[in-house]
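A, B, C, D, E and F label the chains in the order they appear, each numbered from 1.
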Amino acid sequence: MADAVQEFNDYRQKMNEKLLADNNKVIKRIFNLDTNAYAEGALDVKTKELLGLVASAVLRCDDCVKYHMETCYKQGLSKEQVMEALSIATLVGGTIVIPHLRRAYEFWEALEANAAKSE
Amino acid sequence: MADAVQEFNDYRQKMNEKLLADNNKVIKRIFNLDTNAYAEGALDVKTKELLGLVASAVLRCDDCVKYHMETCYKQGLSKEQVMEALSIATLVGGTIVIPHLRRAYEFWEALEANAAKSE
Amino acid sequence: MADAVQEFNDYRQKMNEKLLADNNKVIKRIFNLDTNAYAEGALDVKTKELLGLVASAVLRCDDCVKYHMETCYKQGLSKEQVMEALSIATLVGGTIVIPHLRRAYEFWEALEANAAKSE
Amino acid sequence: MADAVQEFNDYRQKMNEKLLADNNKVIKRIFNLDTNAYAEGALDVKTKELLGLVASAVLRCDDCVKYHMETCYKQGLSKEQVMEALSIATLVGGTIVIPHLRRAYEFWEALEANAAKSE
Amino acid sequence: MADAVQEFNDYRQKMNEKLLADNNKVIKRIFNLDTNAYAEGALDVKTKELLGLVASAVLRCDDCVKYHMETCYKQGLSKEQVMEALSIATLVGGTIVIPHLRRAYEFWEALEANAAKSE
Amino acid sequence: MADAVQEFNDYRQKMNEKLLADNNKVIKRIFNLDTNAYAEGALDVKTKELLGLVASAVLRCDDCVKYHMETCYKQGLSKEQVMEALSIATLVGGTIVIPHLRRAYEFWEALEANAAKSE
């Protein structure tokens, strides 16, 4: 299970490097913005990561959900807080969000297993 | 092929149990509503399952489509009726629904193969 | 309120005539398909109209919802049946469907007022 | 401008009352859930309202955005915080969110004008 | 009819100025990117504007459709070309695109009327 | 990697044949329209394929993206042109398009590897 995290990150990093090496200016800037938008500002990083998570969940993008779950995990947000955010996503986005909720929950378990392993 | 049905149901059940054990009240209630909304009322169960199927198809949620296809199958709806419902979904939702239509058709075949096997 | 129906139908008809006069073959054929897909087949017209209504509601297209509500009304479906279909749409599509539900309900009232007036 | 708030709330309340009087159990429960989901839990009310706002914005539901903006305003969130949340929505949801951002900004001004008037 | 163009542009400009004056860096950069992405590159401006139009149409954003229609008009694309692009959008995005097609067609007529008036 | 192209085409063809053999008239006609809509008209085939690609990308349909990428490749569009089209899709559709961009890029590499192999 823990390998799900590694596998996701490896593929993501490999393809991001290719996309950025390709020199398309618009794509490069969007990637850049993506890094900056979640930095501390009027809202703290935890809140922003939860916003990114919920936006990803209602738009039903599994990879985006995984990415923000990992950052939420690293930021020290609890499973209860993350699930509470995802419950709002499920209410606003409807029962079609549920399959993504299942996969999100599984990924959170992988993040926990991964952390336990590296202790 | 028939195993596609078993595999889908096993994963779905395993993760649903975890989600419900987690004690998030909003998620629990949405799951509960999901069970009740398709019960007979002013509309019969067959019609409601077709509505759930078409809603899932235009929103392009493969897992939701599979779930409602299985219920449609169990309710005795014919392949022709299900395909007619999905043809409306494809017209309303556009050609981006077609890849989901291919996977839906394949899942219906798995449901039929599964039923033949258990006879 | 009853005029909401007339106004909707007038604009719809006027613009459809322009679009069809414009001689774009793909658009013409899609319009044609749209007429045929709701004809009686393995499923009856009432069921098909409810499918069109729910597909329109979860995709949050007010004009499509209005169009199918009017056809549902003409087909003799009851308000209770239509609302039951829309409750499934709200569950599957989430609370973002609610503003469309409000406008749909208002349009149904306009259909009823319109019918009462022409008696 | 301030009347935009009143007008929105009046229509919303009038139609919600009709929908709830109509006795559809699924719709009633979804409305009920909608009230409960934003109550304080593992996350505080401010964070939850921002989550509802961002979910509404990426799903491009103007009425849902307005509703959550008003609650954010009442909760004492600053314009800067709300705009920061909406900037994440615009990045995640793309430039198609921009027209909704314009209308959201205008509604915030109406909320402020409304508050100034009632002082 | 021609005033529809002026009214759209005035509101858009007024609100964009407010958004940009507000000093949210992420929003500013997205606006900036939006200007640059449609500049000539490996693809010419006309093609890029058609891409922006079709993306806006399948995502059903009326204001985005209007914006790109105006740029298409200014770039000298013919009504036939624009309608051909929109016919692909309607096929890919489904019949829920049709109400937006009606409004797009009406806006094109406003652009033509506007141009005739200023000659 | 090159096998990704073959695998995609084989599954697509196998299931399309089943869907068409099934004799649902609406589905048959939509498939037929899908073939005709991309033929040369007021716009050339290359432009139309790019429109289909961008529509598929913003609607986040991986299989539709793959299909249009292959046609773009066969039409002689360069990687730079295709990436420029996809950069517009990412800007309009937001960062949730990025995971699809990664998979699209990988598929383009498979198309190139496939072509190199068959030389």
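The criterion applied here is as follows: contacts are C-beta pairs under 8 Å (C-beta built on N, C-alpha and C of every residue); 3 or more make two chains touch, one makes a residue touch a chain.
Treat the numbers as computed from the prediction; the structure is a model and nothing was measured.
Common neighbours of subunit C and subunit E, by the contact definition above: A, B, D, F. Path length between subunit B and subunit D in the chain contact graph, taken as the least number of steps between touching chains: 1. Summarising the inter-chain layout, the chain whose CA centre lies farthest from the centre of subunit E is B. For C-E, the equivalent interface within B-D, C-D or D-F is the one where over half of the contact pairs agree by residue number, namely C-D. Chain copies subunit D and subunit F are related through a rotation whose angle, from the C-alpha fit, is 180° to the nearest 5.
The interface with the greater number of C-beta contacts, when A-E is set against A-F, is A-F. As for how the two copies subunit D and subunit E face one another, under half of their interface residue numbers coincide.
Greatest centre-to-centre distance from subunit F is found for D, with centres as Cα means. Chain centres here are Cα averages; for subunit B and subunit F they lie 27 Å apart. Distance from the subunit A centre to the subunit D centre is 24 Å, each centre being the mean of its Cα atoms. Averaged C-alpha coordinates put the centre of subunit C at 32 Å from the centre of subunit F. Contact of a single residue of subunit E with at least two other chains is seen at positions 26, 30, 33-34, 37, 55-56, 58-59, 64, 80, 83-84, 87-88, 90-96. Taken as a contact graph, with one node per protein chain and an edge wherever two chains touch, the assembly is complete, since every chain touches every other chain. In the complex of the two chains, the subunit B residues touching subunit F come out as 60, 79-80, 83-84, 86-88, 90-91, 95-96, 98-99, 101-103, 105-106.
Note for the complex: subunit A touches subunit E at residues 25-26, 29-30, 33, 36-37.
Remark: subunit E residues 58, 90-97 touch subunit B in the complex.
Of all residues in subunit D, only 11-12, 15-16, 18-19, 22, 24, 26-27, 30-31, 34, 55-56, 59, 61-64 touch subunit C in the complex they form. Taken in their complex, subunit D has these residues touching subunit A: 33-34, 37-38, 41-43, 47-48, 50-52, 54-56, 58-59, 64, 78, 80-81, 83-85, 87-89, 91-93.
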